[in-house]
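Should a chain be cited, it is by its letter among A, B, C and D, assigned in written order, with residues numbered from 1 in that chain.
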Amino acid sequence: MTTLTHNPAASDPATSRPVPQPKKSLITRLHMGTGMVVGIVFCWGTYFVLRHHFSSPYRINHDEGLTDSHNVNITLLASMFMWCLGFLIGIGALIGPFRWLIGKDLTAEEQLYLAGDGQDWKRYFRYCTDHKVVGIQYLVGVMTLLGAGGTMAMMIRTNLVTPGSHFVAPHVYNSLVGLHGITMIIALIIVSTGPFGNFIMPIMIGAADMAFPRLNALSWWVLFTAIPVLCSAWFLGGIPTGWTAYAPLSTQAGPGMNAFLATIIIFALSTAVAGANITTTVVAMRAKGMTWNRVPIFVVGATISVALAVPAFPTFMAAMIQTGLDRTFATGFYDANVGGSGWLYANLFWIMGHPEVYVILIPGVAALMEIAPVFVRKPLFSYGAAIAGFAGIAGLSILVWAHHMYMSGWMPSLNGPFMVTTEFISIPTGLLFLVLIGTMWRGRPWMKLPMLSVYAFIWDFLIGGITGIYLSDVPADNYLHGSMYVTAHFHYTLMGAALTGAIGGLAFWFPKMTGRMLNERGGYISFWLVQIGFNVLFLGMFLSGAEGQPRRVADYAQIFAHANLISTAGAYSVGLGALILLWSIIHSARSGKIAPMNPWGSKTLEWTVPYPVPLVNFDEPPVVTSDPYGYGRSVK
Amino acid sequence: MASPATSQSKTAIGAVISVVVGILVVAAVGTTLHAHSNLDAPSGYAKVNGTIVAPDGKTYPHAFINDNVFADAADSKIHGSSGGHAGWPSYGPYINLVLPAHTYVTMTMHVYDGGEKLNTPYFASVVGTVGGTINIDGKNVSSLPNDGVQHTFTLHGLPTSSQDPLFVNVPLPKTPEGQQDEPGSPLPKGYTVTFSFITGGKGNYVWNCEYPCGDSTYQSFGAVMGAPGYMNGKVTVI
Amino acid sequence: MANQIEFYVHHDSPEKVGRRERLGVRILIVADGSFLFAMIFSWFYLRNLNTNNAWLPKGVHSYTAASGWWAVAAFIVAAIVHRSGLAKASNRKMTSVIALLALTIGMVYQWNQMAHMPFIAQDAAGRNFYNGAYASNWVLLAGANMFHYIITIFIALGLVIRGYRASVDPVLEEWRQRTAGSWFTWCAVAGILAAFTTSFK
Amino acid sequence: MEHHDDEDLKPTPGERVKQVLKDRDVRQVLFFFVLFTALFSILGLWAYPRWMPNIMSKEMRGDESIMIWFTVISAPIAGIVLAFAMESFIDIQKGDTPPEDGPAISGHTSTVVIWTALSFLFCTVAIVWGMTEMNTWSQDAIAKESSAMVVNVTGAQWNWSFNYPAQGITTHELNLPVNQPITFNVTSDDVNHSFWPVELGVKVDANRLAITVVHVTPDKIGPFEVKCAELCGIYHAYMETNGQVETRADFDHWVSTVKAQGGAQ
C-alpha cells in the first residue's frame, strides 16, 4: 500500500549513528527504582504524620464528629495518593511540566534521551516516551493483571465447587468476587488499546510517535501506581461490595474499600490522558494520503473506544470521590439519613458502566476485523458497515445505562424508554457480525492462531449478544436481574468476545512486537482448552442462573450443585489453558522462531517496518495510496 | 547445537514445568486465603444429657450449650493473643456452634454489653424458641423494648429443599452501667439468658447479630458487624 | 544524529504541533466537563429527591447564591483578560500578570468559603449529625473550583514566567497561548455552571 | 454482486434460484442454517422449561415465555451467522505461506440494507413483546389496587422480615393466600437489598428510607423461596427465607397462630 523502501542498516538506531550522551542531569538519573523509593517515603511519611495527628487511628475524634473509621480512611487514602504522587515525582514525570513552568523547555537531546534513544533494556524501567516501549510495558502490565484476576477466578470457582462454602469464608469470598471483577475490568479496558494501541497503532497510521509522548509515558506509569494500591486491598481486609462498589454498602465497608476508591480515581486519570493522546494521534498524525476511508479498522475501533472512555470514566471518578468523602468526612451523598441516596451512586456508576463495556468490546472486535481479511485473503466486507456499527454502538451506549437499574425502583416509568434504546443496540452489533461473516463468505481461511480467535469470537459473542436481548427486556429481567445468568452473559461478551479478540491480536502482532513468532502448538492447545472450558463454565452458569441462583453468593442451595460443579470443571480447564498460553508467550518471546518482516502477508503499514522498529518508525514518512484491504482476485 | 527432537522435548518439558509452577502458585494463594478464612474459629459442641418432652408432646434428646457476649473482645478468649480488635464487642468463647439433629437444644448465655436502639424493631421479639419466650435471670419474656437490646442471636440459613428451615431470633437484654465487662477486671454479674429451640435435620446455618454495634459507619453496621468471628458465625446441625 | 533529532523533535511544523496540542487539551476538557456534569447531576438529583427531607435541614449553615458567583468571578475575569492578551501581543505581559492576580484572589476567596462550611451540625438532643446532601454537594462543587484554580494558576504563572524568556519558540508559544485560552474559557464556563447550580438551594 | 449476474446470464427467476442452489457454498450455508436454527430452537423450547423453577404467578409465566420464545426467534439469526462461519471453516487451509486470494467482495449494499432491516425487525418484535408484557402487568396492578393485600417487606443485613398491616403480624416467613393480589412495599433498614420471591417471578430493590412497590398475584399453591439479589455484605448468601402460597383458610389459621404467639414469628 506504500512506496516505502526500507534499508536495514538504519533499522537499529544504536548502530546507525552515535548514541547521544546528554550531560548527566536529573533526567538521566531517575528511573522506576527512584520512583519506588520516593513513593514509599511519601506514603509512609503521610501515614505516620496522620497517625500522629489522630494520635491513634482508633481514637474517637469527637470534636470533628468523625469516628475512628473515618480517621483510618483519611489516613489510608492520603497515604495511597501520596504514594502515587511520590512515585511520579521520583520517576521524573513532573520534570516536563516544571520545566515548562520556568520556561526552560526540554532540549532536543533530553527529549531523545527520554525517548530511550539507543538505550538498552533499562529504558523499560524509565519514564520512556517511546510508544513502542510503552506498548510493551502495557502488555506486561495487562498480563500481570489478567494473571491476578484469573487466580481469583480459580479461588471463586473452587469455593463454589460444592455447597457450604468450605474453601474460604464469606467475607473472603466477597473480596474475591469484587477484586476479581475490578482487576479484570481494568485489564480488559487496556488489553487492546494499551499494548496494540500504543505499540502498533502509530506505525499503522504511519506516524513517527504518539502526539504527546510524555503523556503516553504518564498514562502507563500512573496506571502502574494503581496496581500496588489495588493489591493493598487484600492486606486491608478486602472489599465486601463487588466491583460495582454499590453505595451505601461501600460507605459501610472496612479499610480495604479505600484501596478500591484510590485505584479507580488513579485509573480514571490514566484513561483520560491515554484517551486524549490516542485520539489526537489518530486525528492529527496520519500519514500523507491516509484519508479517513483508508484508516485500518483497528485504528478506527481503538480510537472510538478511547474517545468513548474519555467522557465515560470521569463520572465513575466522581462517584468514587463522593464515596471517599462519605467515608472520610462523613458527607451525605449516599447516606439516606441525611438526604443522600444509593440511587445517585447507581446512576453515576452506570453512566460510566455501560459505555465502559463497549470501551472494552470495540477494540477487540476491531482487532479481529483487522485479522480476518489478512487470513481469508479477501477485502474487509463493507468497511462502511463496520464504521457504522462502531459509531452506532458508541452513540447508543451513552443512552442505555439505566437498564442495569430496571429493578432498582429509582424510576420505573423510565424502564420502557431504556428498554427501547438497549434493544436498538442489537442493530449496530448485528452489523459487526455481518462484516465478519461477509469477509469470510466464499473465503478459504488460512488457519493460523489469529484466525481461530475470529471463529471463537463469533460463537461466544453470538451467545453473549442474544442472552443480552433477554436481559434488556424488562419483564424477563424481573427474573434474571442479579442472577448468575447475568454473570454468564457478560462473561460471554467481555471474556468470550473482547478478551478473545485481544488474544487474537496478540498472536497477530506478536512478530512485530517481539521479532519472533508465537509458538503455534502451545497456542493451539491453549486455545482449545480455554474455549471449550470457557463454554462449559458459562453454559453451566446460564443453567444455575436460569434455576434461580443469585450472583455473588458464597454459598448456595443443593439444587444448584450440579450446575456449579460443571462450571468449576470448565474453569479449571480455562485456567490450565491460560497457563499454557502464558508459557508460550514467554517462551516464544525469548526463543521463538525468528519472524520475517511480514509473516502474514498483510498490507497494513506496520508490516513495512523491520524489527526492532527504529526510534522514529519510518526512515522517511510513508505515503498511503490505497485502502489497506486490497486482497482478492476481482470477481467478473 | 541440539537436534530438533531433543530441543522439542526440551520445549515440552519447559512447558510442563512452567504450567506446574503456575498451578503451584495458584494453589499457594488458595491455601493462604483458606488459612486466613477463620473457618476453624472455636466451635462449641452441644452436649446431650437426658431427654425432655417438648410442648408438642414429642420426646427429644436434651442438649445443652453455653456462650457469652462481651463488651470487649479482649475478654472473649477467641481472637488469639491480641484478644481481637480493641473495643469491639464479641461473642465468646464460641463463634461456631455444632448442634445435634432433631434435638431440644437449651442455650445459656451470659451477656455483659450495653446498647441503644435496633435498626429493625422486629428483632426485639423472640422468635423460634420453645414457647416463644426466653428466660432472663428467671423471668420469661416474649420480647424486649426496641431500645433495651444489646445484641441479638439470630439464627438462619439457606431455605433449601435439602435441609429443614431453622430460624431463631433471641434479643439479648442490654446490661446497665457497672454490669458491663472491662478488659482485665473480673467479670460482673451481667444477665443470664436461657432459651431452647428444637433442631431439624442435618444442615448448614449461620447466625448473626442484628443489633447495630459497628461504629458510626453507615447504620452502624460496619466495622465489627462486617468482620468475621465477632458478631456472626456458622451453626452446623449434625 | 542531528538529522535524527531534527526528525524526532520537529518532524512536524510548529503549526501542526500547536493545533495538535490544542486538540489534546480540548479532549481533556471534555473529560473534565463530564466530571462537572456528574457533580451537577448529583446536586439536582439529590435536591429533587430530598430523601428523608434532609437536603437542607432547618438551621443548617448555607451560602447565598451571590457568594457562589463571587467564588467564580475570577475565572471570568481571567478568561476575558487572557482573550485581550491574545488579541494584542504587546500587552500580553501585563494581561497574564492580571490574570494570575485575579485567579489568586479568587482561590483565596473560595478556600475561605470552604473553610467556613460546617460539616457537622447538632440536633436538638445535642447529638452530632452530618450536614446533609446540600453541604456535601456544595463542598464538592467548591472543591472542583479549587481544582480549576490550582491548574489555572499553574498555567497562568507559567505564561507570566515564559513571557520573560527569550528561549521559547515564538510560533509554538503563540499556539500555546491560544491553547491556554481554551482552558481559561472552559474554566470560566465551568465556573458559571457551578455558580448557577449552587444558586438553587 | 447481483446486477453482475443479471448481465451475465439473463435467466428466469426459477432458473436463477436453481443456479444459486447448485452453488456448493450456498448449499453448505443452507445446511448449517437449518441445522443451527433447529438446534437453538430445540434448546430454547426444551431447556428453559426444565431449567426454570416452578411457575407460581402470571408474571413468572411471562418471564419464562420470553426466555423461551426469544430463544426461538433469535435462533434463525444465530443460524445465519454460524452457517456462514462454518461455510468458511470447512474450507480452511494449513501451510506457512498465505494461500491464494479469495474473491474481492468488498461490500454489497443490498445485503447490508436487508441485514439491517432484519435486525431492526427483530428488535422491534422484542421491544413490542416487552412493552405489551409490561403494560399488562401495570394494568393488572391498577385493576387490583383496591382488592390488594399489603405486605411491608423490610430487608436488614442479613434477614428479611414481613409485616402484614391488615393482620397486624410480623414474620420472617412469607405466607400468602392463593389468587389474592399482593402489593409488596419494599424497604431496607441499611444497605441495598433486592427482594426476590423466586417462583413469583418479580423482583425489586430495597432501599433505605425509600419504598419500592411490586405487585403480584400468586396463582398456585406451594412453597417458594425468597432471596436477596443484591450483594449486601458478609452474609448476603444466607439472606434467604421460605415462602408459602396456601389456601385462604390455611392462611387465616396461620395468621391466628402467629397472633396467639404475640404477633411475631
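We take it that a contact is a pair of C-beta atoms (placed from the backbone, for glycine too) under 8 Å apart; a residue touches a chain by one contact, two chains touch by 3 or more.
No experiment lies behind these values; they were computed from the predicted model shown.
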Inset, instruction - Just grab the chain with the largest centre-to-centre distance to chain C, centres being mean Cα coordinates. - result: B
Inset, instruction - Go ahead and note the Å separation of the Cα centroids belonging to chain B and chain C. - result: 52
Legend entry - Rounded Å distance between chain C and chain D, as computed from the means of their C-alpha atoms: 47
Inset, instruction - Please report how many Å separate the Cα centroid of chain A from that of chain B, as a whole number. - result: 40
Legend entry - Centroid spacing, where centroids are CA-atom means, of chain A and chain C in whole angstrom: 30
Legend entry - Multi-chain contact residues (two or more partners), chain B: 158-159, 218-219, 221, 226, 228
Inset, instruction - Please list all residues of chain A that touch 2 or more other chains. - result: 170-171, 240, 248-249, 252, 335-337, 341, 343, 555-557
Legend entry - Touching two or more other chains - residues of chain C: 51-52
Inset, instruction - Spell out all pairs of chains that touch, sorted by label. - result: A-B, A-C, A-D, B-D, C-D
Inset, instruction - Write out the stretch or stretches of chain B touching chain D in their complex. - result: 119-120, 122-123, 125-128, 132, 142-143, 154, 156-159, 165, 167, 169, 205-206, 208, 210, 212, 218-219, 221, 225-226, 228, 232
Inset, instruction - Would you tell me which residues of chain A are touching chain B in their complex? - result: 58, 67-69, 151, 154-155, 158, 163-164, 166-172, 176, 237, 240, 248-249, 251-254, 335, 519, 522, 555-559, 575-576, 579-580, 582-584, 586-587
Legend entry - Residue ranges of chain A touching chain D (in the complex, touch as defined): 165, 170-171, 174, 177, 240-242, 244, 246, 248-249, 252, 336-337, 341-343, 374-385, 407-409, 415-416, 419-420, 423-424, 426-427, 430-431, 433-434, 437-438, 440-447, 451, 455, 458-459, 462, 466, 469-470, 472-476, 478-483, 543, 546-548, 550-557, 600-601, 629, 631-636
Legend entry - Residue numbers on chain C that touch chain A, as the complex places them: 1, 4-5, 7-9, 11-12, 16, 19-21, 23-25, 27-28, 30-35, 37-39, 41-42, 45-46, 49-57, 119-120, 128-137, 139-140, 154, 157-158, 161-162, 164-165, 167-169
Legend entry - Residues of chain B defined as touching chain A within the complex: 11, 14-15, 18-19, 22-23, 25-26, 29-30, 33-34, 36-39, 86-87, 158-163, 204, 214-219, 221-223, 226-228
